[in-house]
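Right after this note come the structures.
Paired with chain B in one complex and with chain C in the other, chain A is shared by the two complexes that follow.
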Partner chain A sequence: MLDMALSSLAEVFTFKSLLFIFLGALLGLIFGILPGLGGPQVLALLMPLTFTMDSGQAIMLLISAAAATTFGGSITSILINTPGTPTNAATTFDGYQLTKQGRPGYAIGAAAMASTLGGIFGAIILTMLLPFGKNLVMLFSYPEYFMMAIMGLAMIAIIDKEHMGKAIIAGLFGLMLAFVGLDPVTGIERYTFGSYYLWDGIQLVPMIIGLFAVSEAVALFSQKGTIDDSGGNVKNSYKDVFDGFKSIFQNFKLFLKSSLIGTVIGIIPGVGGSVANYVAYGQAVSTEKNPENFGKGDIRGVIAPESSNNAKDGGALLPTLTFGIPGSLEMAVLLGALTLHGIQPGPRMLLENGNIALLLIYALVIGTVASTLIGVIAASQLTKVTLVKTTYIAPLILVLAMIGAYASNLMLADVVVAVIFGIIGFFMVRHNYSRIALVIALVLGDLMQRSFHQTIDSVGVIGFFTRPISMGLFVITILVLILPFIRRKRGVNNVSS
Partner chain B sequence: MFMKNSKLLSIILGLVLLILAACNNNESKTVAVSSEDVSAFPSKEITFVVPYSPGGGFDTSVRLIAPYMEKYLPNDGTIIVKNAPGGEGNVGLSEIERAKPDGHTIGLANLPGHYANQVMDTAKYDLLNMEYVGNITTLDYITTLSAKSKYKTIEDLQNADVVNAGVVSVSSTDGLGLMAFAEELGINLNIITHEGSSEALLAAVRGDVDIVQFPYTSSVDYIESGDLVPLVMHSKERATDYPDIPTVGELGYGDLLNVTMGNRTIIATPGTPNEILTLLREAFDKAVADPDYMKQAEEAGLEFNSSNWESAEKLSNDGYNAMMSFKDLMMQDK
Partner chain C sequence: MSVVKLKKEEFIINVIMILISVLTLWMAFGYNEKARLLPIFVSIILLIASIYQAIKNIKIIRAGIEHEEKVESSSSLKNIIVVTLLLIGFVILLYFVKYYLASPIFVFAFLWLLAKEKLIPSLITSVSTGVGLFILFDLILKMNV
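Then we have the complex of A and B:
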């Protein structure tokens, strides 16, 4: 394995390979920044170009593009409160608050360093686990999937403490929306109202564009001045970005915890990055000191989601490489590209194409680093967006949002969904209902229903409690839910004594 | 300061438009082509509609053949692949059916799988009406048991009270095929649905389900690794690598073959003029015979057994009739 590792490494560090990785990262970053466009689109666009390349270079180009979209998405989360991809949703909580306080560079710096180190963390864990990958993936069965979904849903209750009731209502609304479409078990149509667009349920991407980009554009229209609230006092220096870098090392324990969460969630097929960043954020709120600062521009609220969503890529490659199971749509496209190059992911890949697997991991790391570099350089210019009058920015966001909603699937119905959720999102913000709780519930609703039925049909209800991992996840969920109350009580006791 | 920003933003906007232009120029239907004007065909890009998301086996086989069909089209024709997933094929297939019948829209159908909607009256299309261009590949299926299952033989399955079956859905080729197989052999199944075929196969490897029935090419790795045990081959002849495994025909249920197979068939809008169809069919026939294509298809692990439009049309009709004979089975869960 070691000589294989060295020869793969040598293949990455050639001029041509690095060029491809850099190009991929640049494109991925642009797609990540644009709402609606993300990993799947950039990969589908690049795939025909790779036909004439050798498989190694093709993989490096594709994987670095996919890795870069995650960080690209965090930039818009921070600057205009609009997650570029679902995996950056939780970054909006504190990232955007920092922008309003005149410190977008600080937040972007933290996101950049968290993404890079998170990506490296995930890749290291992946390399170590790859030999046991198959057994590890097999540890998770239907009851574990279900408990993972429950754990994600439980986070809704603790993230927005001030408006816990409203967050839960938003989550329940999301679960209701998750019922739209074909029943995952019987295939019966539910709440489709005769429209076959709704057979596949409410589409996540246009919904997020509506809830965030559209509603944000409307809010900006009605707001005078600039996004920046600090009176033009934006710290626009590289020093602020550098302070952002440093903040990771000041909160290194949080970074490690969040990356670990990201990697583990990545390993479980079908759960994915949109949950990882949310769970990591919830974990930070419930275990870190001074939880009341979260949501008000706390840098830890950027570090937790951004390190977890990049660390998740390493974890997600495990089921992809060992069983050919795509953890996400971009992984599905990547698998298609690999097949075209004669590489069949699955149990035989590690034996026959072990060097390709290693190449993938290295490309993932270097791609993440490259995208961070480009991103940080571009970001210092991009932060100036926050100083432009909102009345100029709002129409631009609106146009980009509409184009993004249409571009993801070339379907007009997606644009309609975006507009409807734009209106819903606007009122949710105004009345303090968490939009992200709605998104998370929609994402997890399908997984929860399916894995619940699968458990009941195969082992029965007892399966939830007889399997150690399932039971462990259940206990953690309970702990996460009651921990904030215990801590509050202790805090009160300290004051009174 | 503002100038700089607007410049930056306009660059971003320009990029979006560029990307859109790249993936969207197949949308315009304003170019008027006289349908008789065969010598000018194709007068614009041909849109190849895939009713699946990018990345799966169907999408991959289209992206593989499209450049080779392009090569053999007259007038430097180009083909653009468009993914139109959704509604169990309804979105993409109805788009093909409703397009202008001038040959500039072709698409992929999964036969007989896509007949499931028609049999259950949930289809917004009619595949019996479509024009056929050719069949890229026919996937053979194989019934396998989990190595961890307590059942080892067909007799074990027939004597069991209930057998856990891993499928994608009750109307997918694998699910329907397995239910039809079990019905004919008198096996009592407990159906457990999964997100996709990889997930269902993984469940069988874990031992959470006893039996699965998926394409030979996606099962063979797990058979080799010892996680799955082959039971019955759904093809006319036995698999060369597993000569001991009987075919479904040898067991006396040859009719099941018309349900349990996966044809990746190229179709065109109903009413496309015959002259244009001939051009498309010739391009297809030459493409699948191209040595470069054959090499690439082999590398990608596709079974190389394409057939021309006439046999594609016959496969389609046989598939419909076979599906209709299992209508009751399909409707029982509705």
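Then we have the complex of A and C:
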């Protein structure tokens, strides 16, 4: 284990690897700063560029880019009251107030340190749990994989509580798409309509490129003007940055609580950082002293969401690496990238490619640190991207997206798939159907159907309910599904009483 | 955009989903017992969920005629249609020429014809895009795109 840890560390600390990590961090920051774009988009666009790379370097590039988007998003949250990604939404509450009070550097400094330490916290928890994950893996078999897939799918119902019905429809549609191609058990063609291209099923890369990059580009073009609608009034100061750093240590208990919340939420497949930052902010308001200061430029209102949204990355990697179940959308795309490089995330990966898991953790930590360094140094310059007219940004995103889709297999059919899913993504956004639900269902659909038939063939239906872990997962799934209804009913009763 | 108009549009999507689930259900019966089990199950739930959503929208449409209100929509239908047409043109172009020629043409068409940007900045952006992509994909990454 120590040998593996040292050799992985040696692989990370080569000039080329560090270059890829810094490049990924820079791109991730830029995508994080561009509202509407984030981890899934930068991963979708970078994925085709990694085909010719060594798998280790490709993973370092991708994970550092994904990790950097979160901090990138906080910069625009603080400076122009516009969250770069949904995971930074809660940062606007106090971050922008601090900017208005002439202390943007203080807020950026706090966000930077919270992001860095939050990312490291998540990675430490992940490292601590991974060895047990290995033992856990041995306890898991086909019935447990099936129940894990079902549990991941059940999360779809709570991803978007406001539009739960629509999220379920999106998830069911994603499952139907997972059935396209040759059946993994019988080898029978399903829903291919005589097309050889569809024998391998719907390709994840062009689908994600279409769903996210294309539809976001259309939205940006429709928006007109610039991304920043504050009239170019972007303020930044480095005077208070150091005080911002120090504020984390002055509120270390809050940082620990928020990071723990982020990590735990990250572990739950399908929930993600957009929930974590609100939950962390909410607990800060409800548990900290002087709650009346929140929303008026309290630094604790920046620390809580920013530590949680970076800590969630470490948590989200746990189900991804241990079970092959994506903890978030970024992880779903990353899962696709790992598969493309011949690495099958899941139970066997930890046993056969343990070094890849370590590389991911190291890249996550260094990528987070790198993005913070770059972000703090270049914040004032990077935010100028938001002043570029959206009419110029939109075609560039579209071209990169189309070439990216084409480059994945050098097949024009992939570009057509990207365009089709671009249209689907546009209507999904327009009518509040969760794209995350669609992607998670497509990714988990394959695991679900494969493990279902393997269980039936090996131990029969009874296998789902006689094995303790499988039964436990089944019970958790049921609880996950019914708890929101119970809470809602309680809330209604409380209001009426 | 009015709520009713948006809900009418969504109702069309619901109908499409209903048709897709009926088609996938019907096709699933043509597969063997193992291959059809899960598709049949998921198709039926999708069908029920889509019908439920369609009924919900019909109710809103009927009620909304009396209480019509405006909602913000981030993108117009016209934009997605025009962008899709441009993308189809880009795909056709990619079939005949290399990406570093197709990309500047697409960017220029987008900026000058669609976004009505000035000629010179559009030209500079499109040419820079082609050169930038060539440097990135062919020279740095050595990908034979």
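Just so we're on the same page, the second predicted complex is superposed on the first by the 274 of 497 C-alpha atoms of A that agree within 3 Å, B and C clash if a C-alpha of one lies under 4 Å from a C-alpha of the other, contacts with A are read in each partner's own complex, and residues count from 1 in each chain.
Here is the rule we go by: a residue touches a chain if its C-beta (ideal position, glycine included) is under 8 Å from a C-beta of that chain, and two chains touch if they have at least 3 such contacts.
From a predicted model like this one, the values you see are computed outputs, not experimental measurements.
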| item | value |
| --- | --- |
| First, second, both or neither for A:177, with chain B first and chain C second | neither |
| First (chain B), second (chain C), both or neither touched by A:264 | neither |
| First (chain B), second (chain C), both or neither touched by A:399 | both |
| Chain B versus chain C as contact partner of A:407, first or second or both or neither | both |
| First (chain B), second (chain C), both or neither touched by A:185 | both |
| Which of chain B and chain C A:423 touches, first, second, both or neither | second |
| Dominant toucher of chain A (residue count), chain B or chain C | B |
| Partner chain(s) touched by A:51 [first = chain B, second = chain C, both, neither] | both |
| Partner chain(s) touched by A:344 [first = chain B, second = chain C, both, neither] | first |
| Partner chain(s) touched by A:304 [first = chain B, second = chain C, both, neither] | neither |
| Common interface positions of chain A, toward chain B and toward chain C | 48, 51, 185-186, 188, 389, 392, 396, 399-400, 403, 407, 410, 453 |
| Residue ranges of chain C touching chain A (in the complex, touch as defined) | 6, 9-10, 13, 17, 20-21, 24, 27-28, 31-32, 34-35, 38-39, 42-43, 45-46, 49-50, 52-53, 56, 73-76, 79-80, 83-84, 87-88, 90-91, 94-95, 99, 103, 106-107, 110-111, 114-115, 117, 125, 129, 133, 136-137, 141-145 |
| Chain B residues within the chain A interface of the complex | 1-2, 4-6, 8-9, 12-13, 15-17, 19-20, 22-24, 27, 53-57, 59-60, 63-64, 67, 82-88, 90-91, 122, 124, 164, 169-171, 190-196, 198-199, 201-203, 205-206, 208-209, 218, 221-222, 224-225, 227, 296, 299-301, 333-334 |
| Residue ranges of chain A in contact with chain B within the complex | 30, 33-34, 37, 40-41, 43-45, 47-48, 51, 137-138, 141-142, 182, 184-189, 196-197, 199-200, 269-270, 319, 323-326, 329, 332-336, 339-342, 344, 346-348, 381-382, 384-385, 387-389, 392, 396, 399-400, 403-404, 407, 409-411, 450, 453-454, 457-459 |
| Interfacial residue positions of chain A with respect to chain C in the complex | 48-49, 51-52, 165-166, 168-169, 172-173, 175-176, 179, 183, 185-186, 188, 190-191, 214, 217-219, 221-223, 389, 391-392, 394-396, 398-400, 402-403, 406-407, 410, 412, 415-416, 419, 422-423, 426-427, 429-431, 448-449, 452-453 |
